[in-house]
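Two complexes follow with subunit A in common, the first pairing it with subunit B and the second with subunit C.
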Partner chain A sequence: MAITNIKNLKEFSTVNERFEGAHLLCPGCAHSMIVRELMNATDDNLVIATNTGCLEVSTAVYPYTSWDTSWIHIGFENAATAVAGAEAMYKARKRKGTLKDPDAPVKFVAFGGDGSTYDIGFQWLSGAVERGHDFTYICLDNENYANTGGQRSSATPTGAHTSTAQAGRVSYGKKQKKKDLVAIMAAHGAPYVAQLSPNKWKSMAKGFQKALETEGPCFINTVSACTTEWKFDPKDTIHITDLATDSLMFPIYEIINGTELNILYRPKNIIPVEEYLAAQGRYKHLFKPENRHIIEQIQKEVDEKWEYLQRREEARV
Partner chain B sequence: MAEKMELKEVEVWDGNYAASQALRQAQVDVVAAYPITPSTPIVENYGAYVANGYVDGEFVMVESEHAAMSGCVGAAAAGGRVATATSSQGFALMVEVLYQASGMRLPIVMTVVNRALASPLNVRGDHSDMYLGRDSGWIQLDAFNAQEAYDLTLCAFKIGEDLRVRLPVMVHQDGFLTSHTAQNVHTLSDDEAYKFVGDYKPHEEMLDFSKPVTYGAQTEEDWHFEHKAKQHKALIESREVIEEVFAEFKKLTGREYKRVESYMMDDAEVAIVALGTTVETARVAAQQLREEGVKAGVVAPRVFRPFPFDDIRDALENTKAIAVLDRSAPMGAMGALFNEVSAALYTTPNRPLVTNFIYGLGGRDFSVEEAKRIFKEQKAHADAGYITTPIQQFSGVRGPKLGFFETKRGK
Partner chain C sequence: MSRGVLATEKRGVRELGAEEFVGWDEVQQGVVLPSFNSELKENVSHIRPEERDYSDFNSYTATVASWRVIKPVYNRDICIDCQNCWVWCPDTSIISRDKQMLGIDYDHCKGCGVCVEVCPTNPKSLLMFAEAEEIDEALAKWPEKKKKENK
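Here is the complex of A and B:
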């Protein structure tokens, strides 16, 4: 069952206590906000699989666990398949009558960072979605391999400095564009795909609930600001995320059945991407005169993407 | 309820069909698999059982072997019977997850139809994939023919799922020679087979919500060693359960399996140690040589892991010369089976002369005549009292004789 009372953040944040605060994530990491919100968005039992990454290494260090729910981690790439296997087992055992509590409602969820989702685990995610397992995959997108010290991923945006796409005397950081994984997952024909952000916690909770209630494979990309690798003060996580959504670097929208696109948040005052970039150390080098044109390029691409999303929403395609 | 299948007392099945029938009779809850030659017919046959109502469980055809084993791990942690099948490159692709399956102590059964590993690409049978799995923490049973592929697959569930064991189990058979060769197979009825295997007993399952479990935790230098030590202990100690299951199977069917299969070894002076179909070839050779007065015998590990260090030693310690046959490219070392057999024999007072043959790579035929020649060479070592040839030789390869290392003993 979905939790209905999501009007009050204070109440909502403590409605279920299934993810212990005692974990090893960095202070100011948005991962735990997103995970807690997912786990509070439903009263149902959860079977959660997690790819190797920040979330996994910080929450299940033997002999401790932060997870007061069924949880599994196999490798860097295969959480989607792990949870798909569990979901298949649930169906088989339900049919055969071997479940301890056959009436207990259950939802299957997989978490992965952008490294495991956009890159190394993409095939496993694609396969599990194509097969139509009833699960929700949530990508905690912090745009780099944060767990291993901040290397580039295919989710790293143009111009960001990472340890494997460095800004230097002759380089402005990552040269390639961020992969549009939301579009790719929508193209799978998944019944519910969305990009959500923890600063817009109500739309995030509603999106999670929609995904959990939708039968079949659902994919949600969430913005997870990374204090360590984006280089901002841990107290500013939500502020940085506000800049991300209000500059439209991270537009908030959903795509239903691969075609019906709805924009879920329209900033009243759209801010220039420059403000978002200036707040983070990873973009510091872009403000040198020789790199200024990259900021202009990013702004242009953000404008075009926003225009594209609006046109798709209007055209209902 | 799944439909039951009427089987004749003796069916003509190839190894693949035998394995797929055993999976069906065990009423597996989730089969997650990806097809690959020469094990493809196992999942095709199983797919036919699914399509015709003979299977109640889920059949998940994934997008790679890595995903197949990943799905198996997730399914097994959710508390039910799980199986898959693979070969060669597919086996290599799933190696990462093999270690994770055994580390999480999940009793998955995998039928492995042995095939060479590229490069060069080759679809024929050798033991490269089986050897690749030997440190993965799985129990590895080896079938020499279709009957054994059927029997051992049924036994595998009972061994792995025993709460004293809780480890994944592979059942190996030789690609094409076993997998695609139709032979007489004595069957069990569906009821008899299922009764033997028994109901799955969930343990620490993810679908018991009254008791949440965390699978796949992180350990570093503080706890990793203890986990691995416990896992090794469980694997070594599975010997007792393996023997119990084999004994129960014998009671039911009359067919006897041992951790080490000895043939004409009571008074054997020379022996061949081998795996897979070669065991039967060597047995025919031994039988023929006995008529010529050569006291030849054959020893074969039925259980490749846990390696039967004790029983191998006991079976071979009174021989004079032994040829250990490895059907896998040793790549810069002695063959793995040679090393393990030699290590077992090093602790005996007599320490027989042991040589190593690399043979049959990529499906190259191994004949009774060649087995006889190898036996006779052992007889020459035995008579001379030292190894008269290089210690490692290649059997059946083109070009000049290929051999490595000389003995320092006796000469």
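Here is the complex of A and C:
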């Protein structure tokens, strides 16, 4: 199969883009950074389905499309189902010899937000993975239902303020923990599962290439900093994402065949989560004296998770 | 003002505004929007954007330039072609060809400022200026190299 050269950024930049400008995502939105890094990592033909959410509504404002590939606009919960259907039909037609160009490399990809992936489309995703379709599902995890005004999702971390888990006199924001969807997808026995981040463009591009090469259902969770709901200046998207990966709020790792865990990025200087939290308006209230203990709790959980990932990497189980 | 490098007859010719959009009742169900006018003879990733036959449905033909209040200005003299700005621009608005950064696509740039933040040179090769500032005047105001602070 033909894939883009990602040896270094200069090589990478010679690709011909297939995701066009004048979409309507907010200035500085990480969704489009992620989509560009992924789509630019391959020159295979892509069939993409996208769940309703910021990416989908902003790149397909009738009568416009920002996609130069086959792209299916689908409901909130069923990008995995739509792309699984397309993949099944493609295989059947290949078998029957009714494809115009049966040798052209075609890959099936789905994009969904965390609301549609962790919550509302979860059973559809789970079903498509269990059936074993050959596709790659990408979750753009901005930790809230951004497109409808920033409601909390099961991907929202403890302590974050959202429009339906508000911080105020009686609450410090969301009380529950973030769901560990990466572990859940690995537990499906999917051949390739990863958590990747757009500031680390190379591991992002490589991970996507691996997922495309791997036969069977692959899942990638990507960290997508949302300037509007996380409340930071649009110019700082990459800076915030650096803080996310260097504080280990978002560790970068892959799990192969449900067991083999590889850490893909080890920060030279691990920074306190406090620095990551302090850079975003959605955590502002945690710095009040009565909420300080939540920051300590978050730090403790991040440390424990990092310890767990390292031990699993070592144990190969 | 300048539309930036490699502007084609098709790129950014229409302002995205209310009149461009149709009402709910006019949206056809199950409609297919072709991104290109003619059937592609080869894989689109092997055709450079300026050589593609974009259809009027492709957002490439629209502009969001009016979103900007500030704009990035590019100074070729300092640039080292590292491509940081290219990889992280959320709006496909850094134009690079043959490993060289050529400049900004002002039809699609929204003025977020990410490219300036990730530019590693000293002084930076990209800086934000008011939208109304002329490019020549902006370049004339470019700051000197910053000295490292003594520790």
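Simple rule for what comes next: the second predicted complex is superposed on the first by the 309 of 317 C-alpha atoms of A that agree within 3 Å, B and C clash if a C-alpha of one lies under 4 Å from a C-alpha of the other, contacts with A are read in each partner's own complex, and residues count from 1 in each chain.
The rule is simple: a contact is a pair of C-beta atoms (placed from the backbone, for glycine too) under 8 Å apart; a residue touches a chain by one contact, two chains touch by 3 or more.
Note that the structure is predicted; figures quoted are calculated from it, not measured.
> Given the superposition on subunit A, are subunit B and subunit C in a clash or a fit?
Clash - subunit B and subunit C, as placed by superposing on subunit A, overlap.
> On the A-aligned overlay, A:37 touches which partner chain: subunit B = first, subunit C = second, or both, or neither?
After superposing on A, A:37 lies in contact with subunit C but is clear of subunit B.
> After superposition on the shared chain, which partner residues are touched by A:15: those of subunit B (first), subunit C (second), both, or neither?
In the superposition, A:15 contacts subunit C only.
> With the two structures laid over each other on chain A, which partner does A:25 touch: subunit B (first), subunit C (second), both, or neither?
A:25 contacts subunit C only, not subunit B.
> One more residue to check, A:45. First (subunit B), second (subunit C), both or neither?
both
> Once chain A of both complexes is superposed, is A:239 in touch with subunit B (first), subunit C (second), both, or neither?
second
> Is A:125 touching anything from subunit B or subunit C once the two structures are fitted on A? First, second, both or neither.
Neither partner.
> Touching A:294 in the superposition: subunit B (first), subunit C (second), both, neither?
neither
> I'd like to know which partner A:67 touches here: subunit B for first, subunit C for second, both or neither.
Touch partners of A:67: subunit B and subunit C.
> Between subunit B (first) and subunit C (second), which, if any, makes contact with A:286: first, second, both or neither?
In the superposition, A:286 touches no partner, neither subunit B nor subunit C.
> With the touch criterion stated at the top, can you tell me which subunit A residues are shared between the subunit B interface and the subunit C interface?
45, 60-63, 65, 67-69, 104
> Mind listing the subunit B positions that touch subunit A in their complex?
Going by the criterion above, the answer is residues 29-30, 32, 56-58, 60-64, 66-67, 70-80, 82, 96-97, 100, 200, 202, 206-210, 212-219, 223, 227.
> List the residues on subunit C that touch subunit A in their complex, please.
Checking each residue of subunit C against subunit A gives 12, 16, 20-22, 27, 31, 33, 35-36, 43-49, 52, 56-64, 67, 81-84, 86-93, 96-99, 105, 107-114, 116-118, 128.
> Going by the contact rule at the top, pick out the subunit A residues touching subunit C in the complex.
Where subunit A meets subunit C, its residues are 9-25, 27-33, 36-37, 42-43, 45, 59-69, 104, 198, 201, 233-239.
> Hey, which residues of subunit A end up touching subunit B in the complex?
45, 47, 49, 56-57, 60-63, 65, 67-75, 77-78, 81-86, 88-93, 95-96, 98-101, 104, 106, 123-124, 126-128, 130-131
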